[in-house]
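Chain naming follows the written order as A, B, C and D, and within any one chain the residues start at number 1.
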């Protein structure tokens, strides 16, 4: 499917794009970007995987990003059958207790990647089977990859 | 009544055992918390972070030229391919067309790196299943590649040979003859590998039917590289998203369907041949020209997001750059193949014995700094 | 001719002339024990060196060549280092059993060494149940391994020890049965008489096909008995770290280490005695010089030791269940059939004798 | 019959494996791939491009080519290079100009990435082929590359 077809397909699932925060963009990126609100994330993801036309069965990258104001997660999806790619972005303004839905039940690889994001950005994924620190020790304070993280002893700034 | 007392006397329970962080089979500081019932593995829980250096955070502070050398320290066995990934991402973002010569040399060196990585893997694989001698035979051939690299790049492991815009310096005049010599040498050695290890009845018994990964699970777990291809999942980035000079060579994607440890082993042995054939197609046709396009001293990527995939010896390495137009990236993410491949270890090792876990881990070919970026 | 022996006889006579008989007997026994202790440690150290050199040559390396001429003193230096090392152990180990275990292992190998006929005269303890004694004694060693693994309070050691128990119990059968096959030919268990029988042809020639099969089974089972690769389940360095001796250090570790090599020597020596005529020279070429017997014995034994090293540096390790499959599904049935065939051969006088 | 063919094939593959190692055993004398390191020290020569350490070559007049532009210092990812510079009077022109006082190189922090040498406009620093870098005292790894009393080679800045 081309990007336009993908966009139309996804739009057809959400008659009210405003309510689900659906925004498409192809600027400044080589993929079609879809932004979605956290509440519809799981729904969109399961549709993207389940639908035969889209069939995104390969989550090849899951990135946590600190957008400054918001904390977000970027999902890079690819279909091994149709070989089309899509980027799904979701972000939450809550920096204190950010919570997103897990996609580890859709793609098993997300289990580890979400733990990594939890470790470095502090985003909690609901219904994740094993939501605990992966790299850092359990008593580590703060989330190192956030932009406002400060550690004067271990971080060398230039 | 009496039978029950006998039964309670033989009560068995599961217990935990720490495999690593210092353990010969984990090839680095990986810690696996195993739940074991006798010899049978019930659960594998990886505990990471023993050598995490937070390269992604360091990238946010470094310039794009400096980031390249950090990738050497991720998957150090395919450091050249990692370098190439970052350089390609930067060049794509700058819309910089590198000369043909650079593309061909990058591809040749990438394939040499793959062979050398697989040589090491082969030696270590043999060692993990108990045949200690393979290690030295693998290293003998790897040593030749290391010498080639050292003569051209100056370093044996962390080359940092690629720079955004091309190569740091041109290839050494001895490069081509040495590579040709290596090809003829190595072609006689792969059959020897087969005779020593592949066909060995003990080795086959140890690996066949062990650690089976189905195609669906391989995709779902994000397996890539030889691990995915052994399950029949065609996932070679060199085929689907060719980069550098890979679009002008013909090669077969090494595919197996069984998905067990032996299939992963076979895929890598097959990749020896494919990589040799790629090098052979290119080595005589290195175009003349510049080895580098001048870039600005301070590289600023235009605002936007860039993603570049390459196929390292371990699988698909993704480089995801978010730039805000400054000289440092806003976010630099490495999608490392080892991390995804590790996540499926629990899935395929459960139910096997300790020996199976070691053999399975050997074919996942984990490089811990790649996981612990 | 009998220069070496004449010294022994002189000492013997002298001892009995200067002290009462019981004391002389005791002193003599102690002297012999000391001689064997010397043989034990020298042979052990030499075998370690040999293993390292052979391994190096298989692996495109050179091996230890710094200490002494061609590295001959290397293992001596290693032993000295191990002697001077601190003896560590886990805190909650069962101290008594933990300290006892290495002696179990080392004493059994020493006992087995006593009945090995190095030559016609150089034979400390020639009992009429020699082979039986060897089999019986060599299986005591596993108790030491079990004790060591159990008392170390280390899970890796425990797994290694349990594997060892399973392995030794299984392979003991094959060792015994394959030797039994050859006993059918000799009709005696006494090692010196077994060699006497071979003056009319080595047993592996006398018994031809079943003897060759028995020899192969004996070598496989013997390698497993000594816990060497490809049957080194017990140590399995890529799986268990160091197996049952993970927690041992210093000289206690060295005891385990030496015992492993002596056991290898013993297995090779039994094979050389039972299958290849012990100290007999091939075709009787040096029959007139009996003192060369030791040399022939050592050549044969070291060749077999080399074979075991060749196994070790070529083959991958088996998995623990495959180890048992090999024994119970392949070696044992073949062995039983082999005994019957051998019995038929002996009964039908189809053995080859010169 | 599968039972016996299994045994036959098994033994055959084992013997093939032994023939491989046996072949190397017989050729072990000339086949050793290891190097006898301290013995071959005299003949051991690194490749020209080998990255052992950063050195600053001086000519016979004790003159180097470093102008003190600090490009290497900026290019270095690890803070390996520190240039302490001064404003001195140029003897020829009589004008004030930048000249290096000390070119400090911390070998202990160097990752041998080569960016400093790559970026140097006057080829003042280059790779040395020395590989025996172990010392007893960590401070010995901090080196001043310009020799005492050395000067800038004339004509470099033009």
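Heads up, the rule we're going with is that contacts are C-beta pairs under 8 Å (C-beta built on N, C-alpha and C of every residue); 3 or more make two chains touch, one makes a residue touch a chain.
Computed from a predicted structure; not experimentally measured.
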Which chains lie in contact with each of subunit A and subunit B? none
Of C-D and B-C, the pair joined by more C-beta contact pairs is B-C
Chain centres computed over CA atoms; the one at greatest distance from subunit D is chain C
Could you tell me the distance, in whole angstrom, between the mean C-alpha positions of subunit C and subunit D? 52
Length of the line joining the C-alpha centres of subunit A and subunit C, rounded to whole Å: 64
Expressed in whole Å, how far the mean CA point of subunit A lies from that of subunit D is 43
Where subunit C touches two or more other chains simultaneously, the residues are 58-61, 313-315
Provide the list of subunit B residues touching at least two other chains, using ranges where the numbers run on. 62, 133, 136, 140, 196-197, 200, 202
Sequence positions of subunit A contacting 2 or more other chains: 158
Given which chains touch which, is the overall layout a line, a ring, a star, complete, or other? other
Where do chains touch, given as pairs? A-B, B-C, B-D, C-D
Going by the contact rule set out above, which residues of subunit A touch subunit B in the complex? 27-31, 33, 57-61, 63, 65-66, 74, 76, 80, 83, 87, 107-109, 111-113, 116, 120, 134-137, 144-145, 155, 157-158
How about subunit D: which of its residues touch subunit B in the complex? 9-10, 13-14, 16-17, 19-21, 33, 46-47, 49-51, 71, 75, 77, 111-115, 118-119, 127
Subunit D-touching residues of subunit B, taken from the complex the two chains share: 62, 65-66, 68-70, 72-73, 133, 136, 139-140, 143, 150-155, 158, 160, 163, 168-169, 172, 192, 195-197, 199-202, 297
In the complex, subunit C residues that touch subunit B: 55, 58-61, 155-156, 159, 229-230, 232, 236-241, 313-322
Subunit C contact footprint on subunit B (complex, rising order): 15, 17, 23-25, 39, 126-133, 135-137, 140, 196-197, 200, 202-203, 205-206, 353-356, 358
